[in-house]
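Right, one structure below, let's go through it.
We call the chains A, B, C, D, E, F and G, going by the order they appear; numbering starts again at 1 in every chain.
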Amino acid sequence: MTLTLFYILAGVIVASALLVVTVRNLFHCALALAMTMFGISGIYLYLGWEFLAAVQVLIYVGAVTVLIIFGIMLTRRVMDDTARVMNNQVLISFVAAAAVMFVLFMVVGNSSFQSNNHPPEAAVSAPVNETQNPEPSAPYVDEVALLAGGLLKPQNGFAFAFEFVSVLLLSALVGAVVVARKDPS
Amino acid sequence: MTDLLLSQIKPGGESPFGTDEYVVNMGPQHPATHGVLRLVVKLDGETVKETMPVLGYLHRSIEKICENRTYPQCITYTDRVDYVSAMSVNLAFALATERLMGLEAPPRAQWLRMIFVELQRLASHLLWMGAFAGDIGALTPFLYGLRERERILDLFEMTCGQRLTYNYIRIGGVMIDILPEFIPKCKAFLDYFEPRIVEYEELLTYNPIFLERTKGVGVISAEVGINSGVCGPSLRGSGVSCDVRKQQPYLFYDQVKFTECLQNDGDCWARYRVRMDELRESISIVRQCLERLEPGPIETKLPPILKAPPASEIYSRIESSRGEMGIYLVGDGTAKPYKAKYRCASFSNTFVLDQLTRGWKVADIMAVLGSLDMIVPEVDR
Amino acid sequence: MGDQIVQWVAGLLRQAYAMLGLSPIAGILDRIVCAVAMFGFVSVFVMFLVWMERKVSAHMQSRIGPNRVGPFGLLQTLADAVKLTTKEDVHPVKRDKIPYFIAPILAFVATFMGMVVVPFDNKVVVADLNIGVLYIIAITSFTVIAILSAGWSSNNKYSLLGGFRSAAQIVSYEVPLVLSIVPIIMITGKLNFSSIVQYQQQAGYWFVVPQFVAFFTFIASATAEANRAPFDIPEAESELTGGFHTEYSGVKFAMFFLGEYVAVVVSSAVAATIFLGGWLPLPFFGFLHLPGFIWFMAKVLFIIYLIMAFRWTFPRLRVDQLMDFGWKVLIPITILNILITGFVVLLLGKGA
Amino acid sequence: MTNEELKSKIESDFKDKILSVVLSGQKEVLVTVKPEAYIALCRDLKTKPDYDFQHLSCLTAVDYPKENKITVVCHLWSYKKCHQLTVKLDVDRANPKAPTVEPIWKAANWFEREVFDLYGVVFEGHPDLRRIMMPEDYAKFPLRKDFTDDGFIIKPN
Amino acid sequence: MGVGLKGLSKPEIELMESESKVPGLWTLEKAVGFIFRWARKNSLWPLQFGTACCAIEMMATAAGRYDIARFGAEVFRPSPRQADLIIAAGTITEKMGYALKRLYEQMPKPSWVIAMGSCTIAGGPYYYDSYTVVKGIDSFVPVDVYVPGCPPRPESLLHGLMAIQKKIEDEPIFRRRRNA
Amino acid sequence: MGAIFTYFKNILTGFWNLLLGLSVTTKYLFKKTNTQQYPEEKMPLPARSRSMIKLIYDGEKDQFNCVACMMCAKACPNSCIKLEGVRGPDGKRRMTTFKLDFSTCIFCGYCVEACGFDALTFVSEEYENSVYKRGSLLQDEQAMKWNRPAHLAPKPEEPAKVEAAPAGAKA
Amino acid sequence: MLEQYGYVLVFLLAGIFFILGAFITGWVLSPNGLLGVKYKYKKEIMVDTYECGVETYGTSWIRFNVSFYLYALLFVIFDIETVFLYPWAVSFKQLGMNGFLEMIVFIAILLVGLAYAWKKEALKWE
């Protein structure tokens, strides 16, 4: 049952990701990308990391897709159907993509994915009143608190990295302002 | 119908980071153009590069028709030149004809004319206030304005039988005397109406959104305003004293006390203030007129066929609700005007729109257009 | 009281499944029943809201409003809905077909999914998600894509300008919207709606009292998120004739309409839950022993009334002023509010 | 300044620029200007402080087919001095051409476009001389006295 | 004159019946048609279209005293895509006539037209001597109801609206059976 | 510092003014409306209202008052009145056909004012004029026939006002 | 956990289903649809772009304004910030003053960015 769900999600992700790279209409690409991101958030949910899933939707669907659509509108005339899906850098990009994929596979293969999920079989036939009053049968990790503690408690050692994130965001912001600002001269 | 104008517009240039300059068409059917004005707006992003008003969607050839009508018949067409302020145009034409023929209306008729023209100014400004507020998104003042306007129209209908096209002010007098119950009703209305102005002000005047939308927007400097022919309350918002009632008094405006409302900023808010102040002034004028109304004849005896002297001409101006209303009449000794030209305030006020909106945002076109109090039939006639 | 009704209905359903021999898939059936019931509720409630809006606006403007169909014109919106359904559906020839089609679906579904976590009463909620607050914020961000699609695919200048303005507006106001909830979460430490209400119950005050700044910023940004006046520049009739749904007609237009009102319902429900104590009775009115559902709906209606009153009272902001208000007023205020709340909570915590 | 004074002052100031100046039966000062001096006179009327005609109140034309002329009529007004003046310029009806006063009074822009549209007077130097009221592909000049449009106009019998 | 709403004049009833009462409507029409007609009747959304004097009276009809909202018709839509009714309020010149025609054509069906005021009915005061005004908008768009007056009172417009409502009751909803 | 102070002051005053606006609309929310619910309750129109022009029909003499003097047709700015008359056996002119095209009539009242024989009048109440066919707006004397109720008849002691006022106004 | 999100999924599907149902109902019942009355009109004008009653000029798919992009970028940045704020807010009381100070620094750095954008008039809409 749940594995079927996984395959459906994976199918959606792969299919829409393929659409992203093959469809010629850039706006449709962006929509397909949103679909991909939504599917990925489904995977997070499947693993039981609901905070991550929500963040995925919030940032990638709600923000990044909008950014990309605005970017499309900014950079070129969208409906001029002159854009080619393939260009002469196809070989290099194929190599690069393959390399990235290899690295990803290495990383993915070496990590252990923890599911934060309760046994779903019990829940499917559970009566309404019980599902609405969740009494976790398996130890449930409050991932939000976990994340906060991991990031901000000094003993975990990520505090500096966390502060650095804001510097990174700041530099992105400054960069955006500098690039987008019309040159007075 | 081929649209020659649009085909003449060259496609805009491209800037490296910027937008394509593009052309948005507003009108002829558009909620904010007060009828059938058409604006072709060249935009760079949201910024207006050029506003091109396209007129003539309501060009009804009134001037041509008037050349084929007798002088009294022309009065019915003046109703339709500016239907929001029909009494003023009635008066303008009647005064012009009287001056052309050397007639004078009896005093009671003059007082009545003043009462009705000032009531008409109230009605017109109320409609303007509502439409202006509606243009910048506040819908309720529009309905409030119309609600009070209904009561003015009641007074009109009681007297002359029509709500919009009165045909009341005639050459040599007025159409009919007021009913005895008119005066108490009119006073009651004024008493009811004065506190309402406070409510409008609460709704709009210092509303931060309203201030944001109108303060500093569409500034007409006095110089530009005079040069571009802006007139009426729109020019008084720039601090130019241009009230025909003061400068070239007609009727008995030199016998009543009123101040000319002036503001110095020249922006939409100043124009709004001028008109709101004029509401109060008009109330006071109507009150004074009602005081001084005395019994007497309401029209002078006219010859059965009214003929202008040959080779005569007159350019007669009054202050209508929207500004200077000029009538240019050329008589050739017949019963019909040889030439009748209506110089309407909206025509010259709309001309300045392009200058005021360049470099502003799309939404400001609506605010500026609304604040200029433009009525399309006056522009197109 | 509410949860007893739910238990009773659930029991009935259980019996019905057993009779029909559908017990093995009871879980799925439960969900479908919930969805259908919620859809019914949402449709009827939105119809009521549209009627209410027309009545409220009418009376504010010294009018009467619809009163011909049904008592007090209550069936007016039903007539509108039926009419829109039986109206011809125009497909502009230059449209971009796929986005044009999915935009109204997305506009409705995105907000409809938000209804999942709305707690109507104690334990009367479709799914009391642990991250309820974040879930609503995330799921409603689909609306941006719906509006962008609608504006882009219509191939109409007004639609495009309206859609893009709308998108920029929604993304700009999402930040203060999200930030204005943060103080509440700092106090309660929970992202779950029911827990937030329970906290208010235990604390004995509603969060609108200590967090009125957050309340107002939330209402302002929620109004903007729902594209309601005075932040309705994407639809700004006097500028853009109708905004992103200019080219939509008939039933597709009705879906945008529905979506807009559901968005209002969701935002008001969130505000009522977080700031006004959800299903808790009004202080000093607890003796009435009304079901929590009634209290909750009363609060939702109050906030919806506020949003309606804004629309019919205020002028509309210009697009740049709108952005300025979001970035230069709301965001600094919300961040300041977070900091002050942090200090106060820490001080009180130390003291206690 | 009364109209009589205005008339005599104009008579003395612009003797070489005007054809005639009269006080009409309605006590208005009517100036008929020499075509070549039209612009110069208008500029003087606007700038000289004695006249100060800042405001172009109205600009129109009258068609006189019998005299084979179209008269362009400007009505000027001074906000400061509160006096009024009418400036007339006769142009040939067959080939109506007049210099534009748009550089002097911006307000003349649309007035002149209207006169061009309805009378066919070409204002030389006008920045944007297009039809304003009628459709752009309209061929006739409707306010001329000999205008006919049999397909459209209905005359009362 | 003309139609009172209580009863159409006799020949007009016959004419309308011969035009619209189709003998073999589907049973569906009988079953649900009245709901649809009821809905269309009570939800006539007008297009924001007013050109001249009559537009002011149209606004007055929407305002507090007369309140067209009572009929469910206060939703003035700016886009013809969402409107059911054009109240052609005010003079239509030839230049404008093409725009009006286009707007009418762009309205989804079923749609109705009220010719409000003399100008739209026949050119009104501009019938003679005018070189621009269209002598009746029925040369551009089909008109359902004519409301005379210059301008008509708000009551007259409401009466015209009710005349449209009356007309809707006689209009078919579904396609005729092919061999009926 | 001053800038920050004005920043917050602006926000607060703005907030206050918004509340002021809300108070106005909320006040009206609970006020009684003055709507005339048209088909059920009809507003009494002033007697002078120019709603519809009617030909006065004299029931006693069984004829129209109109003598086809053509004054109305001449006065009409829009030439929408067409009428013919013949000289009857008693030597008086009588109207035979009278046509008024309401599709071009502008209700200016000149015809009623011009009528010296008390033959034309405005009837205030007749404003429900919508028609389905444009042709029905061209009305002849039968459609415009109007029996004047007794209470609206002109009072004999004030004949002087007849020229000045439209006949409908004498009610 | 997951079963709770079953509701979300069912709501998603049900929403889509309802809307499609409404579309199909509309198509069946509306004029020129399956059962509705056939109206005759000029199809090419009907399906043309609406532009206030005149023919449309040029395409509407044009290159757009850079400020839209900038706002979206700012939004992404602040969205990420809020995403970091949420876990912090949830465990705010556990983290205590230490976490609070860390977050103040975090916010302050971003506020510097906002102030920079403000100062450079990047927040100006064009």
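In this section, a contact is a pair of C-beta atoms (placed from the backbone, for glycine too) under 8 Å apart; a residue touches a chain by one contact, two chains touch by 3 or more.
On a predicted model such as this, the values are computed, not experimentally measured, just so you know.
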(request) Average the CA atoms of each chain to get its centre, and name the chain whose centre is farthest from that of subunit B. (result) A
(request) Taking each chain's centre as the mean of its C-alpha atoms, give the chain farthest from subunit E. (result) A
(message) Of the pairs B-C and A-G, which shows more C-beta pairs in contact?
(response) A-G
(request) Round to the nearest whole Å and give the separation of the Cα centres of subunit B and subunit G. (result) 44
(request) Take the average of all CA coordinates in subunit F, do the same for subunit G, and state the distance between these two points in whole angstrom. (result) 54
(message) Centroid from C-alpha atoms only, then distance subunit A to subunit C, rounded to Å. What do you get?
(response) 26
(request) Take the average of all CA coordinates in subunit C, do the same for subunit D, and state the distance between these two points in whole angstrom. (result) 63
(request) Enumerate the residues of subunit G that touch no fewer than two other chains. (result) 3-6, 29, 31-32, 36, 39, 46, 48, 50-56, 59-68, 71-72, 74-75, 79, 86, 90-91, 94, 103, 107, 114, 125-126
(request) Give the residues of subunit E that touch two or more other chains, as numbers and ranges in rising order. (result) 36, 48, 63-65, 67, 70, 78-79, 81, 95, 98-100, 103, 106, 108-110, 125, 127-132, 150, 153, 173
(message) For subunit D, give me the residues that contact two or more of the other chains.
(response) 133-135, 142, 147, 156
(message) Touching residues of subunit E toward subunit C in the complex: what are they?
(response) 35-36, 38-43, 48, 63-64, 67, 69-72, 74-75, 77-79, 81-82, 84, 106, 108-110, 173
(message) Which residues of subunit G touch subunit C once you look at their complex with the stated criterion?
(response) 3-8, 10-12, 14-16, 18-20, 22-23, 25-27, 29-33, 36, 39, 44, 46-52, 56, 59-62, 64-65, 67-68, 71-72, 74-75, 78-79, 82, 85-86, 89-94, 96-97, 100, 103-104, 107, 111, 114, 118, 123-126
(message) Applying the document's contact rule, which stretches of subunit B touch subunit C when the two form their complex?
(response) 22, 24-25, 30-32, 46, 133-140, 143-144, 147, 203-204, 207, 209-210, 212-213, 361-366
(message) Using the touch definition from the top, list the residues of subunit G that touch subunit E in their complex.
(response) 29, 31-32, 35-39, 41-42, 45-46, 48, 50, 52-55
(request) Using the touch definition up top, name the residues of subunit A that touch subunit G in the complex. (result) 2, 45-46, 48, 50-51, 55, 58-59, 62-64, 66-67, 70-71, 73-79, 116-118, 120, 123-124, 126, 131, 134, 136, 140, 144-145, 147-149, 151-154, 159, 162-163, 165-167, 169-170, 172-174, 176-177, 180-182
